[in-house]
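Next come two complexes, and both contain chain A; in the first it sits with chain B, in the second with chain C.
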Partner chain A sequence: MKPALLAENLSYSYGNLKAVRGIGFQLRPGEILGFLGPNGAGKSTTIKMLTGLLTPDTGSIHVLGNEMSLDDPEVQARIGVCFEEKNLYLNMTGRENLIFFSKLFGLKNFDTDTLLRRVDLSQRADDRVSKYSKGMRQRLMMARAIINRPDVLFLDEPTDGLDPVSSRTIRNVIREQAERGAAVLLTTHDMWEADELSDRVAFLNEGELFAVDTPDNLKMKYGKRSVKVRLGSGSHVREETIELIAADAGDKVRELINSHNVMTIHTEEATLEDIFIEITGRGLDV
Partner chain B sequence: MNIRRVWSLVSGDLRLGFRSPVILWVLIMPFVITFLMQVVFVALFDPQPRICIYNSGESAITSVFERIEGIRLSHAGSPAELEAYIENNNADLGLVIENGFDQALRDGRKPELEYFFSGGSLASNRIVISLLVLDVLREMENREAPVEVVLHTGDEEEVVPLTRKLIPAIVLLVLIITGIFVPAFLLVGEKEQGTMKALLVTPVTVSDILFSKALLGFTMTVTMCFITLMLNGALSGQPLALLATVVAGAVVCNAIGLIYGTLAGNAKTLYTLVKSLNILLVGPILFYLFTGLPQWIAKIFPTYWFIDPLYSITLKGADFSDVCFKLAIALVVGILLGIAVVPMSRRMQRKLAE
Partner chain C sequence: MKRVSSRLAIIAAIVLKDLREFSRDRLWMILTPISLIFMTVLFLILPATVSETITLGVYPSYIAESFSMLLDRAAGEFRGLEIIGFADENSLADAVLSGSGEISMGIALPVDFTESLLSGSVGSVSVYVSESVPVEIRRALASGVREIAYAVVAVYAGRDPLSALPVGLPHLQARILGENMDGRQVPLRDRIRPILIILILLIESLALAGLVSVEIEHRTVTALLVTPARTGDFLVAKCVTGTILAVSQAYLFLLVTGGFIFDWLILTVLILLGAGMASAVGMLSGTSGRDFMGTLFFGTIFLIPLMIPALSIMFPGRPAIIIRLLPSYGLVQAISGVLGEGRGLRFVAPHIMATVLWDIVLLGSAFFLLKRRVESL
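So, the complex of A and B:
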């Protein structure tokens, strides 16, 4: 299958500061790729290059086989972008913002109501955006990003600092877009979100790409395969850890369940953050 | 560049424009500036002599004064009212015309006529009014002036009233403020709100954005200048030559506005640019005020090439053929400035993304 997005050997420097150092990856239609990395890792710079806003110092970007360029309306018409910073027309209503952008994409018979309903903004559609909360603005930005049913969707920290309801709405929209066949590139420093949404994750640190794989494969490769069992009752509680790679692991678990009062059993698989730290030597919240 | 996308951008700006204080100011500016210049400024610097008359009988003197242009005439209902008028400096001269004044004048009885001058009246007005009253009385006596007066001004040119002298200045103000501010403010607004980035990741190109701002700026500038000319009664002479001048001026000012808009990252920088560089734009005016300065220096300013035609048409009665060469140069200057915007827009795009 032809990749929806193909990036090869991308580099970018701000003066002497190398922000991105020769990274490359590809994204298939319908796939969600989570770009994980701390602040300053080069995630936003990568998105700016991928959307054509920045011209890479080296490397190439192809969207659906076409070279990415800011001056190519054909390519730009097939992508959707949701930036980290809010950039809406504050003096327009939510509905006016969407209608305005639909005209720029040349969309005819555009159904604003359905899109507004999808991001839970129907009730406030005719209020000026300046009166919207942060979550409402982000949901409107998400709606704007998918206005043209893009083939490739770039989302830069789409749920950063949002309330749980807004975050859930946005995550649902992301899943729907992927199910529709859009390739989604999502940057985040929220490892839980990346784990929840992404088919594959990529670790980016100091402009370098460290690993690109499915969350399960990464956990299998880097995580501890063990279960932690809490036994007892009242104040007499003890914990036992059973390594799952041991040959008799199944027998041990069965024995504990049969002979003791088991309170809880938890798998001890590594989180993406643990793996990120193990690979890069640096935390995600830096 | 795509006309449909440009039109979509213009319609978006129009929708937002009526919610923006800067655009609203541009829309009302011709009315405000015309009012300020023609009413307040002229009233301060070109005051007309004011006469107040109390006519106790049916003297024809009142109707003679009513026919005279260039004075302001008011009527008092009683001598006390006239006295109050003069004391409050609401008139320069008060005249009390007694019953039978006209008949006494015709009979050669030399009736007494008392002048009540306001202490606050200008000496020049007192002289003008005194001579005027004598002229009026001579007319009422059916006597002709003993001499034929031929008027000569210092530079042998037509005497131009101050209200007309101000027209080029008013139009220039509207041209510069609307022509420069509208495109510059619209561009800076997109940058400040971050919407420029959002536009660039749609099929819209930088050229579409720049052209849409210039188009809206151009349309508003030409419209506002025409409203200004109409309000000041300046369209009767050479409307086509004025239209051509305003079009050339709008092209130059819009190009400068685009340069300001691409250079400035926010409104504060834009205002600083405008404040520090606008002296270069209105510079040619200095050469009209101080005619002793070497006039060739004025031609260095890009705005000279439409300011001079504007001045020539409105004040010297020049027609299109007299100014077409300068207007052609103005258009070339505008196009060259527009071309200079291209590399600046690339720099702006890179700075925006970084």
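So, the complex of A and C:
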């Protein structure tokens, strides 16, 4: 299958500061790729290059086979971008913001109501955006990003600092877009979100790409394969850890269960954050 | 491939969005009508005519007749001086001191002035001037009184008053350098109208600066650029918005103040050129400022030099070379020529050319700097 997005050897520097160092990856239609990295890792710079806002120092970007360029409206018409900054027109209503962008995409008789309903903003559609909460603004940003039913969707920290309800709405929209066939590039420093949404994740640190794989593969590769069993009766409680790679692991688990003293059994699966720290040597909250 | 909007449709969408944002901005929605009303009222309360006659009050009243006769004899030199006789000296003094402007100056001669002079005595003459009359004029008036005294004496002696002096007077010929505006002086309101138009254009440049700086500050322009809209569309749209704002208000002002009785086609060209300049200034200010205060600061920095040529037309004489080199000089001269003096294309053509060149320079600079700023976000 032809990749929806193909990035090869991308580099970008702000003066002497190398923000992105020769990264490359591809994104298939319908796939969600989570870009995980701490603040300053180069996620936003990468998104700016991928959307044409920055010209890479080296490398190339192809969107659906076409070279990415700000001056190519044909390519721009096929992408959607949700920025980290809430760059909305505050003196206009939510509906007016969407209608304006629909005109830029040349959409005739655009149905704003359906889109506003999808992001739970239909009740406040005709209020000025300046009166919206942070979560409402972010949902409107999301609606704006998908206004043209993009083939490639770039989302820069779409749920950062949002309330659980807004976050859930946005995550549902992201899944729907991927199911529709859109390739989604999602940058986040929320490992839980990346794990839940992404088909594959990429670890970005100090401008370098460290790993690109499915969360399960990464966990298998870097995580511990073990279960922790809590046993006990009354006030006497003990824990036992069983390595699943051991040849007699199955027998040990069965034996414990048969003892009728098992209180809980937990897998000791590594989180993406654990793996990130293991690979890059630093945490995601830095 | 997906359908893509035409460039024109994109520019139109951005312009309409800008106008909507402008209409929602409380500051400009208050400031714009207030400034427009203020300028219109200022224009309407200023004098619409210029009095080219100086009224001289004289006592005793029978002297007025002699004065008038003298003036008629020397019409070329004394035109514009009207003599009014007063029945008593106190009335004359009161008329001058009332400050109404009807009697600019007064001369009171003693009742026996002629007899005194003819008998060889030294007469005494009172000259009344209001406190606002400059000292140079007072001195000139004193000299004039002496001349008049000789002339009056000559009349009563039955001699020609213009050759009453013991020496012959040289022939005088007044040569006016520049255009002789005698009889068609520009009233104050017409003199100030170009200033007001330039002010309207430049105030609107601040509104555009606000729109530009908000796009940059809130990074909404970044959202535009990841759609089929290009940087060029954004720049053109901003220029069109600035032009619409400036032209509409300048037109409104001209309509209310009767400016279109002059050559409306030339005026339209001039206003469009002025609006282009205002748009350039707006974009430059909006690009330079980081926030509202910064934009206002840079806007003022740009506006002051552009206002200087407009203010200079209030003063007689040719402005200094540095003023003539300012971008708005040609525009101000052309608008002033059309609105104040009813000039035609021959007069305004070189000024239009100069303004077109300045518009190209300013808009080019504004486009370049704004493009760089937008693409660096």
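Methods note: the second predicted complex is superposed on the first by the 283 of 286 C-alpha atoms of A that agree within 3 Å, B and C clash if a C-alpha of one lies under 4 Å from a C-alpha of the other, contacts with A are read in each partner's own complex, and residues count from 1 in each chain.
Going forward, a contact is a pair of C-beta atoms (placed from the backbone, for glycine too) under 8 Å apart; a residue touches a chain by one contact, two chains touch by 3 or more.
Source: prediction; values computed, not measured.
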Does the chain A-based superposition show chain B and chain C clashing or fitting?
clash
Touching partner for A:Tyr14 - first (chain B), second (chain C), both, neither
first
Check whether A:Phe101 is in contact with chain B, with chain C, with both or with neither, and answer first, second, both or neither.
both
Quick check for you: in the superposed arrangement, does A:Glu179 touch first (chain B), second (chain C), both or neither?
neither
Looking at A:Pro73 after the superposition, I want to know if it touches chain B, chain C, both of them or none. Which is it: first, second, both, neither?
both
Of the listed chain C stretches (41-49, 149-157 or 167-175), the one clashing with chain B is 41-49
Which chain A residues are contacted by chain C in one complex and by chain B in the other?
51-53, 70-71, 73-74, 76-77, 79, 81, 83, 85, 87-92, 96, 100-101, 103-106, 144
In the complex, go through chain B and note every residue touching chain A.
2, 4-5, 8-9, 11-12, 15-16, 19-20, 193-195, 197-206, 349-350, 352-354
Residue numbers on chain A that touch chain B, as the complex places them:
14, 48, 51-55, 70-71, 73-74, 76-77, 79, 81, 83, 85-92, 96, 100-101, 103-106, 144
Chain C residues touching chain A in their complex are 1-6, 9-10, 13-14, 17, 20-21, 24-25, 218-220, 222-231, 375, 377
Note which residues of chain A are touching chain C in the complex, please.
51-53, 70-71, 73-74, 76-79, 81, 83, 85, 87-92, 96, 100-101, 103-106, 128, 144, 148
